[in-house]
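Dropping the structures in below, format is structure tokens.
One chain, chain A, appears in both complexes that follow, with chain B as partner in the first and chain C in the second.
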Partner chain A sequence: MSMLTLKRGATADDLTPRGPRESLISRGAAMLIMGVFTLYFLTPIWWLFIASTKDRGDLLTTAPLWFADWNLFENIHDLVTYDGGIYLRWILNSIGYAGLGALLATVFAGMCGYALAKYTFPGRELFFNVVLGGVLVPATALALPLFLLFSQVNLTNTFWAVLLPSIVSPFGVYLTRIFASASVPDELIEAGRLDGAGEVRTFFTISVRLMTPALITVFLFQFVTIWNNFFLPLIMLRSQELFPITYGLFAWNTQLNQIPELRTYVLVGSFLSIIPLIIAFLMLQRFWQSGLGNGSVK
Partner chain B sequence: MQHTKRAVATGVALLSAIALAGCAPSTGSDGSADAAACTPADGKVTLEFTSWIPGIEDVVAMWNDENPDIQVKVQTGPNGNSGTYQSFFSQLKAGNAPDLGQIEYDALSSFRVQDGLADLSACEDVVAAEDDFIPWTWGQVTLGSDEGVYGIPQDSGPMALFYRSDLFEANGIDVPTTWEEYKAAAVKIRAAGGYITNFSTADINQFAGFVWQNNGGWFQNDGKEWTVDLTGDATTQVADYWQELLDEDLVSTYPAWTEEWNNAYNSGEVWSWNSAVWGANSIASGAPDTAGKWSVAASPQWEKGGTSAGNWGGSSVAVFKGSDHLYEASKFALWLNTSDEALTALNKSANIYPATTDGLNLASLKEGVDFYGGQAIYDVFAEAASQVNPDFVWGPTMTQTYADVSDGFQKAVTGQGTLLDSLKSAQDSTISTLEAQAIPVAK
Partner chain C sequence: MTATQLLVTETGGKRKTAPRERRFTPHKGAIAFFAAPFGVLFLLFYLIPIGYAIYQSLLVVERDGTYGEPQQVFGGLAQYANVFSNAPFWESVGRVLLFGVVQVPVMLGLALLFALLLDSPVLKGKKFFRLAFFAPYAVPGVIAAIMWGFLYSPNLSPFTDVTRTIDFLSPEFVLWSIANVVTWVFVGYNMLIIYSALLAIPAEVYEAARLDGAGQIRIAWSIKIPMVAPALVLTTVFSIIGTFQLLAEPQVFRSFSAAVSSTFTPNMTIYATNSIPNTNLAAAFSVVLALATFVLSFTFLKISQRKAEQ
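Now for the complex of A and B:
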């Protein structure tokens, strides 16, 4: 889905300079629609930010979209000290699951996609089609079978129970295959072979560099997917020291009736938890954009 | 946030359906025969216990200090229906469930029909403890049978009427003692610009509490077959009553626990709430501006001078099938739910309202509460706790029943169909759900 929209966007960019001039009306309409949607998407974040700066009493009684007394730092302090600082632990867990998981997923998907693009072997298309089928299986449907498998080997309620399933990315294989066949010239691999480099070395020194934009994209997608994955931790984990941030905040949110002060912690915690995602996007997006451009030109 | 919750609930329901479908054949068998014997183990034992009560770790630490031979490892997570039950079902299926788990009364039957619970009636201490508990809470853990005991009652949710004493007084309205007076008061309050209460379409538990108070019941189990009766006389009377209030615009219909709902109470738009004992905390946290203006009275009755109370919520601590330490597990569960030290600690950390008769007299429950103008509100709930009908039984597919009734109720408040219509269709879908899981239903 996202792939489709992104590709279409890239193609449009490509054509714009040569296409007919747009009228002011359609340009204005487009700006208006984008403006409305920007507002629509940013309002909840704005609300979350405002809510994070209020104390519990003000939250219910003051205007929801504007500041009352500035309490953000007290709130953050309360949040990170509550229950022995479990919130920071959750953040670290999330970074561990998402960072390490996305890194491994990228390496595996990159190698797999490259192999599918550059080597011919019997059953290649069948294999690729099976991987493509994997894109269609919702993660939710896999959670219970995965739990039963992990139970067999006594790995439930461990770090591995969330990490291992996260390093599989069928979409990444798909993307890297397409990208590798377009951007890694066979001649270059041949040249590498002639110079005496082994296949592994050729991959890691030459091909990976050419594939960097695609790999960054896979990393970002996978990072966000793992960060937001809720069901897997819900099924696999029982000890709150292992929870990722999403699941931890959810657990708090279900206890609001019993401990009202959690309402503030959930809000501030949610607000802080989007910061790592924003950082990841800002750092990686320039690779990402150039990557998509490259792919479409070839 | 509400949407996420909904999505999760749907996902959990979907997964439960898968899990349940896989387990269906075990239903008919009587699991008690192969139960582990209730004898002490040799040497040191470590038990696993999963609960979502805030601060439970500290209470368990008290036990661990005093009982070096029976150590308890506690794990926490979200509320039962928000994920922990799903974990339990998965773990039971995989054969690695914890020894003990917190289970609300309305979910016990689901675990029982999946053959997931150990029968504690093999333990002498457990059988002897029956008299310590408020009779109806014991009825909840025996699931209406005479033979088995499938958990130790932990807390209860007797219902009473929270009301804005200042507003009632200022407008010269008497505190209603019958549902008829309640409606008359509702008319006056509407004229004064407020609503007497909020009718929540999502909290089918509250509605069930009203039915419970009216001595109605939705399920019955004779050991072999389940009888489903969501449209009996008692239920119909309650449904028709609230339908009238809805039709005449005498109650508001905000989704419960949302900011709008809190605001409606905080701003004085809504004047009363017939809710469980733990609701005291919900109002105090959701409507902080109204501190000191609330009081608590017994729930309105169907008959003048009646003494009947409903119940909303409450949970038990159950021992899962497959635990090798029935004796130690039941020892711990009894201590957790009957000893003064544990009950006081639970009440302090999480407002747990005890299920034992002695527990209702805890020192912490005798004090006046500032938010309620210094009234000793728990006296009212202690009285109500003794008036709850002991024969109310929950069915084994409550998640689905709640969802169906709730969907219908949501339509009813927007004027499509009636409350009774949704109960009728929930009756049919509940029966087909039971049949789909090979649970025998009496026709």
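Now for the complex of A and C:
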């Protein structure tokens, strides 16, 4: 085998873990690759953290990847008080858009996916195929037509302009349909019927529990999508009181030349805004990890 | 991720059609209760906007004389003629195509490599690497672009020796600097999708290979990669869609680099055209772009399905 692979122009890695020496080489190579890329992935975040702890002078004059005078809390104080505390407002807006939007999107997509999986009705496949087409039509392609429509009904520059389009997740319907077919047994629904529970009650008391992993995935996916969405707020919103955090920081970043002190706020603000998401990922990791485990059971 | 897993299996696997019972539709009320909310929202915020964009793209603005009231009248395919003769738009399309042809294979190649390493017995500390590589996905595109914009800037960068020799924000490099930002954010996400597909391969599959004395690389090449092909198709389709929709990163880079024009990507062209304002032409751009994205991802799906069947 070793000879064969060597002839094919393979590397030392090919001398697979048989002898301790080869094993050491492949282990070393694997660790080296992963180590180098760990630096690639984490250095920018580390730099942002370090930059957030410095005052304006130190930012330009001290070692970029290590601490100077600790100014993080002063920076945060300045950030949250700047312009009447608009930064906190943006954070709350983002939580509102993404939290509420993802929650509603998950409920609607879950119900619809369940209906498509567990009931037969005329036009079901057509309905599903149209929704599937919707997965391939990206949300940004819809931003402009939504803007044109919303300006007809005077809904631009409102909270609703960003929230309403966010509660539609064709991808969620697709996922929950597949998941419900695989994980909610028909027998269980039948048993619910025999016990006299209505369809809706069966769904909310039994099926939802079985669909939880899929629903959490849809929620996370939609939450991140809305949180990161940029075109929709960019095109819909004019008043900065309505901005989500990403658009707010973008707006500050474009004014750096006129207002230099904004640089610190952009950096500290960016750093603070990614902490909740990273924490959420770490906390929810047990869900996607158990999900990974479930996935391996055929 | 179970759902992702199922999705992966579904895309490439054989479609399972359960034997359907033909009968009068029972539970009509329940079906309506479950499906109607999404159906109505999908109609309102997907189908109607698409229809409205098509309608708007068929209109042109006419004035009575030079100073007359502007009026929208039916213009046939006049806006589409404008789209096709609009050089900046096609330049932006060419730019994202070039971007996609380079960035998508690099990103997915790395994602596949990391997923295979995570799945191989030679790596220690998998949990740490998985989290470290996935962490950038928590950073929104706008913020990632702001951060990298500073990192690329000659005076602020921690890597001044590098940034003073190579100007990452120059016209020659800026597209690839943006590609790096997109790669940085999305490698870990794609890695997880591929990795979850790898975890789903039953252990028995490897047994025969191991008896034959196949090593890790051989197993990866001949067994693992073919078995995660559906996941690769899925991530490719999402990456194609993402590439055509590039907006936040280049828009942010306009503050850092004069090399990024207001029509750098198709979506930026749409935004700029709408702000002029020329809503009808912007609508036509939107329709063309949505159609192009759709056709490209659909074609890719079909081609890879045909390959899988062979």
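Following the convention adopted for this analysis, the second predicted complex is superposed on the first by the 261 of 298 C-alpha atoms of A that agree within 3 Å, B and C clash if a C-alpha of one lies under 4 Å from a C-alpha of the other, contacts with A are read in each partner's own complex, and residues count from 1 in each chain.
Note that in this section contacts are C-beta pairs under 8 Å (C-beta built on N, C-alpha and C of every residue); 3 or more make two chains touch, one makes a residue touch a chain.
No experiment lies behind these values; they were computed from the predicted model shown.
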Chain B and chain C placed together on chain A: clash or fit? clash
Requested in this report: Give one of first, second, both or neither to describe whether A:S239 is in contact with chain B, with chain C, with both, or with none.
Outcome: first
Inset, instruction - Using the touch definition from the top, say if A:F127 reaches chain B (first), chain C (second), both or neither. - result: second
So, does A:L60 touch the first partner chain B, the second partner chain C, both, or neither?
-> both
>> Per the contact definition in the header, classify A:T156: touching chain B only (first), chain C only (second), both, or neither.
In response: first
Notebook entry, point to check: Between chain B (first) and chain C (second), which does A:F231 come into contact with in this model arrangement: first, second, both, or neither?
Noted result: both
Mind working out whether A:L136 is in touch with chain B, chain C, both or neither, as first, second, both or neither?
-> second
Next item on the list: Figure out whether A:A191 sits in contact with chain B (first) or chain C (second), or with both, or with neither.
Entry: neither
Partner touching more residues of chain A, chain B vs chain C, is chain C
Chain B versus chain C as contact partner of A:T254, first or second or both or neither = both
Counting only touches as set out at the top, which of chain B and chain C does A:L148 meet: first, second, both, neither? both
Re chain B stretches 146-154, 236-244 or 254-262: the one overlapping chain C is 254-262
Chain A residues where the chain B and chain C footprints coincide 60, 64, 140, 144, 147-148, 230-231, 234-235, 247, 250, 253-254, 256
As the complex stands, chain A meets chain B at residues 56-57, 60-61, 64, 140, 143-144, 147-148, 151-152, 154, 156, 230-231, 234-235, 237-240, 247, 250-251, 253-260, 263
Within their complex, chain B touches chain A through residues 1, 4-5, 8, 11, 14-15, 18-19, 50, 52-54, 75-79, 82-83, 86-87, 90-91, 93-96, 98, 257, 259, 262-263, 266, 278, 281-282, 284-289, 350-351
Per the touch rule, the chain A residues reaching chain C in their complex are 1-2, 5, 10, 13-17, 23, 26-27, 30-31, 33-34, 37-38, 40-45, 47-48, 51, 59-60, 63-65, 108-109, 111-112, 114-116, 119-122, 127, 130-131, 133-134, 136-138, 140-142, 144-149, 164-165, 167-168, 170, 173-176, 178-179, 181-182, 198-200, 203, 213-214, 217-218, 224, 227-228, 230-231, 234-235, 246-247, 249-250, 253-254, 256, 266-267, 270, 273-274, 277-278, 280-282, 285, 288-289, 291-296, 298
Chain C contacts chain A in the complex at 1-7, 10, 18, 20-21, 23, 25, 27-31, 33-35, 37-39, 41-42, 44-50, 52-53, 56, 110, 113-114, 117, 120-125, 129, 131-144, 146-151, 155-158, 184, 187-188, 192, 195-196, 199-202, 212-218, 237, 241-242, 244-245, 247-248, 251-252, 254-255, 267, 270-271, 274, 279, 282-283, 286, 289-290, 293-294, 297-298
